[in-house]
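Data block below; observations after.
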Amino acid sequence: MTKRIGTEVSLAVADAVKMAKPDVISAYPITPQTHIVEELSEFVANGELDAEYIPVESEHSAMSAAVGAAAAGARVYTATSSQGLALMHEILFIASSMRLPMVMTVANRSISGPISIWNDHSDIMAQRDIGWVQLFVEDGQEALELTWAAFKIGEDKRVLLPVAVNMDGFILSHMIEPVVIPEQSVVDGFLPEFEPQLKLDPADPVTFGPVGVPEVYLEAKKQCEVALNGSKAVVKEVLDDLNKTFGRNYDLIETNGNTGAETRIVTMGSLGESVMTAVDRMNGDGREVGQIRIRLWRPFPAEEFIEAAKGAKRLVVIDRAISPGTGCGPVAQELKSVFYGRPDAPEIVNVIAGIGGRDVPVSDFVKMVEMAEKGELAETYTLWGLNSDA
Amino acid sequence: MLRDIDLSGVAKTKLKEIHTMESMVSSGHRACQGCGEVLAMGMVTRVAGPDTVVCNATGCMEIITSPFPETAWKVPWIHVAFENAGAVGAGVEAGIKALHRKGKVSKMPNIICFGGDGATADIGFGSLSGAMERGHNLLYVCLDNEAYMNTGIQRSSSTPYGASTTTSPCGSASIGQHTQKKNMPQIIAAHGVPYVATASPSHPTDLMDKVAKALAVEGPAYLHIYSPCPTGWGTKGEKSIEIARLAVESNSFPLYEVVGGRYAITKKIKKVKPIQDYLKVQRRFRHLTDRDIAFIQEGVDNSFEQLERLCAATAKPEEE
Amino acid sequence: MSKQSICAWQKLELGAAIRDPGNASALKTGDWRTLVPVLDEEKCIKCTLCAIYCPEFCISEREDGLFRPDLNYCKGCGICANECPKSAISMVMEDK
């Protein structure tokens, strides 16, 4: 029976993982991800989930064991945050280059130092080039449903890549939200069993991870790049399927507010909810402003973004990470490159906000729009909320 | 923790039959002439046979068996990185175990991880310790050639005292490696795993019997295999087995096993050779003075005495 | 030095895996050899030790019951000669 409950989003994600019937969960505790894997280990302990739970001794091993299990042909799940994701870094590339599907929830958290357990996107932005499909969710319902979508995308024979589902630490992971949990049979209908293409099987011995001599390394990389780029169409297809199955309206890029406005705020992740409120308020006050929300970060859906931004004169791009030495935040960099050389390129104004758990109230977004329209924001980027003597 | 594990039923390897047992590493691999490491690895796979999955750490054995598009492996094999063979093996084991339970895999294969001494005692120490402590049913084999050979003979924590390497060179102010070899088998034995043993390719039936026992026990097993490296040690390729035998016969690398916490020497040496015999044939020890050698001899004697005491202390009490 | 590609990316196995187990046997490492083992058939007692200790796994029992290396793979390391209890194997310079 479909259940409508109020629950912490982390626990909803754990429910989603359970319903995806993974064979192996390999994880290491790190705030603010821990509630997910605590709950999963409880499911395993209670016999509610038939899976091997590997309580590894580090995130490096969490990802290494995930790779081993996926190569054995298992459906694999893990979750991490911040330093844990950074510790996995080396193996993240290997998971995608071996074309091993798996799903990882990243409860986004700032990267040390100084050590901070609070939310921003600096953890995942340091992993832009790992070759994984990377999704961002905005609310609890989406966190639940995109978990199933992530398995379906990664395991699709046209993709066969690992998928990261990003969810803001604390400000989403620890929120109590109303979520609708469908029946298991609905999930089973949406997400078929995993059929690995290659696996470690003595009946058909495969050599996984041979030495990439100069005569093949480039071609091996190309194969992965093509798979990642090609995954965009599959993500779109899976989201369409998800929308039909669960009655949603998810897309790679979504818009809100005035779609023809000169000024649009660009968001990724749960700040989008506050921006939505801000935009609605401004629209209500008769001010023309729109919002563009990015759900798929890798591969970046450039055409879809250009389409969504049609007619915009100015993009106020909210970044949640600093990219030292480059002149703007990672999302702004991405969009500058997307629009480079196009006659319809809007002005890109970059605000780096909510760093290390710094609060950004709804009214601040109204202020950002006002300042951007008056040309009061820096040409490079503005560190929002910075306490400065200058 | 001491416990009784009965391994008397495990089949023993007959010397005369070894040549009929197929190595799962094929000819055409690219190891150096006289490589004792690939020989030892081949011996392990002769016992394990085709129903085996291998997880290999980065290192000589990975490089020499897998340059694309050629593989020397006749069994399923995975190489992920340097420091994680234990964790990869754990994942493989968990994956196959889950699929087996769900009826998607008919039989649990042997799962064997291979790592060099650097991958085992240094960079992969944590992941190995984790895999051992969690009780995965796998065999981890350390092929110990006592330095980072693949990158050009740099010292590891498994390099013995007095050895000259490219990062512990001997010189007027240094003897070379000035630390003692990390005792990996005893460290793993302290994890309380059911089976730990040392082995040497110079003693093939001893080595292969230990592989059979390691694969027979339920839970983690660890084999530490002495692996002569002519390139890194400055020895002649033809001497690899002779040197391995000298290591055993000088008690510098004693052959023993730890079954359920009980230590037992499997190859007792009647006429123990002086360590000098072992050291003098290797360029890495060429600079050692008589005083240095005497000091090393004392260390060998002390370690061996410690081992004998461990055997006595953990032996099963005689039944009345 | 420029290295040429050996495989179009479209033809690579998934993740550049290799699906031809043991195909390294196509590499004839016998080219590396300078000395070649020569067997004195009179001395050999068929003890099998040379076959056990050969790191190339290339010595096997032949129809005549004697143990001989496959020279396609023998790297000429000399372990067999060194370990033979009967000194039945000698390493000699090979004319190539």
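Which chain is which? They are A, B and C, in the order written, and residues in each are numbered from 1.
One rule holds in what follows: a residue touches a chain if its C-beta (ideal position, glycine included) is under 8 Å from a C-beta of that chain, and two chains touch if they have at least 3 such contacts.
Remember, predicted model here, so these are calculated numbers, not experimental data.
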Number of steps on the shortest touching-chain route linking chain A and chain B: 1
Chain pair with the higher count of C-beta pairs in contact (A-C, B-C): B-C
Centroid spacing, where centroids are CA-atom means, of chain A and chain B in whole angstrom: 43
Intercentroid distance (Cα basis), chain C paired with chain B, Å: 24
Interchain centroid distance [CA atoms averaged], chain A/chain C, Å: 52
Multi-chain contact residues (two or more partners), chain C: 6-7, 16, 18, 21
Interface hub residues of chain A, defined as touching at least two other chains: 98, 204-210, 212-213, 215-216
Per-residue overlap in chain B, given as positions that touch at least 2 other chains: 66, 68-69, 71, 73-75
Contacting residues of chain B [partner chain A, same complex]: 50-53, 55, 62-63, 66-69, 71, 73-81, 83-84, 86-99, 101-102, 104-105, 109, 126-127, 129-130, 133-134
Partner chain C, residues of chain A touching it in the complex: 97-100, 160, 197-198, 204-210, 212-216, 218-220, 222-224, 226
Residues of chain A touching chain B in the complex: 23-24, 26, 50-52, 54-58, 60-62, 64-74, 76, 90-91, 94, 98, 200-202, 204-213, 215-216
Footprint of chain B on chain C - complex, ascending: 6-7, 16, 18, 20-29, 32, 48, 51-61, 67, 70, 72-73, 75-79, 81-83, 91
Residues of chain C defined as touching chain A within the complex: 3-10, 12-19, 21
